[in-house]
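Next come two complexes, and both contain subunit A; in the first it sits with subunit B, in the second with subunit C.
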Partner chain A sequence: MITAERKPFDEILALTAGHDKILVAGCETCVAVCLTGGEKEAEILASELRMKAQADGRELTCEHTAAIRQCEWEYLDMIADKVAEYPVILSMACGIGIQAMAEKFADKLVLPAVNTNMLGMPQEHAVWLERCGACGDCVLGVTGGICPIVRCSKSLLNGPCGGSHDGKCEVTGPNGEEIECAWQLIHDKLRAQGREDLLLAITPPKDWSKSNSGGPRKMVRKEAKPV
Partner chain B sequence: MSSFPPHSDGEPFEPQIVGLACNHCGYASADSAGGLRRAYPPAISLVRIPCTGRIEAIHLLKAFEAGADGVVVVGCVEGDCLYSTGNLWARQCVDHVKEMLTETGVEPERLEMYNIPGPNGAGFAATVTAFAERIKALGPSPAKRPGAQPQEDARAALGNIALSDNDPHAVTLEEGHAQ
Partner chain C sequence: MSAVTWKSGSKLEQILAAGSFAVTGECGPPKSADGSVIANKARMLAGYVDAVNITDNQTAVVRIASMASAHIAQDNGVEAVMQVTCRDRNRLAIQADILGAAALGIKNVLCLTGDHISFGNHPQAKGVHDLDSIQLIRMFKDMRDEKRFQCGDEMTVEPRFLIGCAENPFADPFDFRVHRLKKKVLAGADFVQTQCIFNVPKFKKWMEQVRAEGLHQEIKILAGITPIKGAGMARYMKSSVPGMDVPQEIVDRVAAKEKGEPQQAEGKKLAVEMIKELAEIEGVAGVHIMAVEWEQAVPEIVEAAGLTPRPSQPPNRGARRDRECDQQHTS
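And then the complex of A and B:
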């Protein structure tokens, strides 16, 4: 799933400064599951904005709504009436949803209330870990189902590097937390599968044009196009 | 249920406080305070909820938006929650909302959670009285809208988590946690 984190409140205030009619729009899919931008979180942000305005002595009309998915035109139709009442939309969807809102409601000022950060999964309740880089050329078949693109700090295709010690990466997380060495995990998994020989093969440089280095990507399913 | 005193600019400030009390300890203690004739400020409007673990951030924010000068959460002692960890979740939620209040320009001291073993009428009365004094010293909430009616509005906003006053499952004085 796509995960996102709410922007700092001060940044949201700066983005919305000077506006006195704001609709906070949540999205009930990925960002709702990661407890960042669903209807509940949209209601909370709208409440905070109203309280801040009251405390500052400003007039503010602020409500919330939520689309089942902000990234699909059909679901945006369902909130169009509410959107029509407001000149400024503060979207809590991922970057895809925010852009869809901006394109669909072109006469509105659509602003982001979250930072989209990764394709991840909940490792445990309230903890999400990055699991996919959407590189466009999946290597999980030869890496024991462990992605070296996002789980190796250097995105190495032939690892491990010299910075792997006792199964840990020499790089630490933003709060100093230890990171598992992806290539140690890959090695252990392939050995357990009896496929260690895969580690002897040298993987050539990756074709990053299939990732976001090749310009905006587009996918067309010819067989599914309306006739 | 207590009622709020009228408030106008010409009168001394009487804080309007919304209390969220768990059925088993907080509310049982308030009930006990009544039985023991332990007085506490009448401007505290108590909402009885099944467990403090039912509280979400939006409920606390709504109480402030409804015009509360202070919001107090009263739950069981940690380790003694009837639902195991409800009061621990509530503590986490209260701490989170305190951060939100700070961001919105509302003093975080206006929100507090207390753990009171129920039924402890004397403890309840002393605790909420001290909290009311704290709020009185802080003055009216900066997020309070003119004409706010916290008692009615907070009750309406919290309707989906409140137990009714006539709930047959309400804990009686004798049924509260053994102290």
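And then the complex of A and C:
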């Protein structure tokens, strides 16, 4: 799933400064699952904005809505009536949803209320870990199902660097938290599977053109296109 | 006399090929445009080391570029080993730099992944890591031996380098460390400099694995030495430097001396003992002395270890380079 975190409230205030009619638009898919931008979170943010405006003695009309998915045109149709009432939309969807809103409702000012951060999964309750870099050329088949592109701090493809210690990466997370060394995990998994030979093979340089280094990507499924 | 085909013809290559015990040093460029810092360090090390590593934005902190610094070092009497990391440049930039380095007469390179960007002074920068160190080694080998760029395009005049790499025998998973070295050998590395060694028993264990794989016959192994300047440094390396293995008794031994000169003397003494012990290990072809911001200690250590005088001329005078090129360093 795509994960996102809400922007700091002050940043949201700065983005919306000068506007007195704002619709907060949640998305009921990925960002709802990660407890960031679903209908409930949209309702909370709208309420916070109203309270802040009241405390500051400002006029503000602010409501919330939510699309089942902000990243598909048909679901945006379902919230179009509500959107029509507001000149400014504060979207709590991922970057895809925000752009879809901006394109669909071209006469509106669409602003982001969240920072989209990764393709991850909940490791435990309320903890999400990055799992995929959408690199366009999956290597999981030779790395024991563990992605070195995003789970190794240096995206190494030929084994652990010299900074792997007791299963931990030399790099720590933004809050000083320990990061598991992806290559220790890959090493252990491939050995357990009896596939150590994969650790000895030299993996050639990656074709990053299949990632976003090749420019914005487009996928066409010819067989699924209407003729 | 049979002709020898040199990979680069560097002094380091010739000394290693002759089976002489090699000594390399290390020099960190300054965090300013003051090239005289490199010149002074180079002059201090000349005659005591066979070549000096020039670091490439070590610990992810901006410094004078390794290529420029290597050039200055060679201008001041000591052959350079230009370090190249994968952190700051993609394959285009690295290949461009390596052509430039060859054109400037630099003959040794060291291929590194690079310290992570989060440790440095620009933690908000984008880490590149287009290649890893093993892919980097292979790319340089293909440029040198196949006259091909990484994309496969051919070139007319190839850059000729002795290709080095690093390995940390103290990192985990320990059993994979020797395999990682093997991958580097297969990729084309000619020599390896190890992480600084304080835990000699563990290093010996690693060397046993290296010999069991026959790798000591395929790659020249230079054992890493870092003289300890004081107990504070020893404690810091033990607790805070990723990938370091500093046994408590080493810390205690230095700490037992008075702060300042007595601790420094103990640190140098320890380095000398370590060099002598490591030199006895089968398969160790030399030492790499990394005196971090303490280059002035190196001459004394090298002398005390009985490693002077260094071969002043390449020992294998009868050898010839396979191609005399017009890009040799002349200044």
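One rule holds in what follows: the second predicted complex is superposed on the first by the 227 of 227 C-alpha atoms of A that agree within 3 Å, B and C clash if a C-alpha of one lies under 4 Å from a C-alpha of the other, contacts with A are read in each partner's own complex, and residues count from 1 in each chain.
Note that in this section a residue touches a chain if its C-beta (ideal position, glycine included) is under 8 Å from a C-beta of that chain, and two chains touch if they have at least 3 such contacts.
What you are looking at is a predicted structure, and each value in this text was computed from that prediction instead of being measured.
**Student:** Would you mind checking whether subunit B and subunit C clash or fit side by side on subunit A after the superposition?
**Tutor:** Pair status: fit.
**Student:** In the superposed model, which partner reaches more residues of subunit A, subunit B or subunit C?
**Tutor:** C
**Student:** How wide is the angle at the Cα centre of subunit A, looking out to the Cα centres of subunit B and subunit C, in steps of 10 degrees?
**Tutor:** Superposed on A, the angle at subunit A reads 120 degrees.
**Student:** Thinking of the overlay built on chain A, is A:V142 touched by subunit B (first), by subunit C (second), by both, or by neither?
**Tutor:** A:V142 sits against neither subunit B nor subunit C.
**Student:** Touch test for A:Q54: subunit B only (first), subunit C only (second), both, or neither?
**Tutor:** The answer is first: A:Q54 touches subunit B but not subunit C.
**Student:** May I ask you to decide whether A:G162 touches subunit B, subunit C, both, or neither, giving the answer as first, second, both or neither?
**Tutor:** In the superposition, A:G162 contacts subunit C only.
**Student:** Based on the superposed arrangement, let me know which partner A:C181 touches: subunit B (first), subunit C (second), both, or neither?
**Tutor:** second
**Student:** Once the structures are superposed on A, label A:D10 by its partner contacts, choosing first (subunit B), second (subunit C), both or neither.
**Tutor:** A:D10 sits against subunit B, while subunit C stays out of touch.
**Student:** I'd like to know which partner A:I44 touches here: subunit B for first, subunit C for second, both or neither.
**Tutor:** first
**Student:** Rounded to whole Å, what minimum CA distance do you find between subunit B and subunit C in the overlaid structures?
**Tutor:** Once the two complexes are overlaid, subunit B and subunit C approach no closer than 27 Å between C-alpha atoms.
**Student:** In the complex, go through subunit A and note every residue touching subunit C.
**Tutor:** 153-167, 170-172, 181, 184, 187-188, 199-200, 202-206, 208
**Student:** Within their complex, state which residues of subunit C touch subunit A.
**Tutor:** Going through subunit C, the ones touching subunit A are 86-87, 91, 113-114, 116, 118-119, 127, 129-135, 138-139, 150, 166-168, 171-173, 176, 179-180, 182-183, 186-187, 195, 242-243.
**Student:** Can you name the residues of subunit B that touch subunit A in the complex?
**Tutor:** 56-58, 61-62, 64-65, 100-101, 103-106, 142-145
**Student:** Touching residues of subunit A toward subunit B in the complex: what are they?
**Tutor:** Per the stated touch rule, the residues are 9-10, 40, 43-44, 47-48, 50-52, 54-56.
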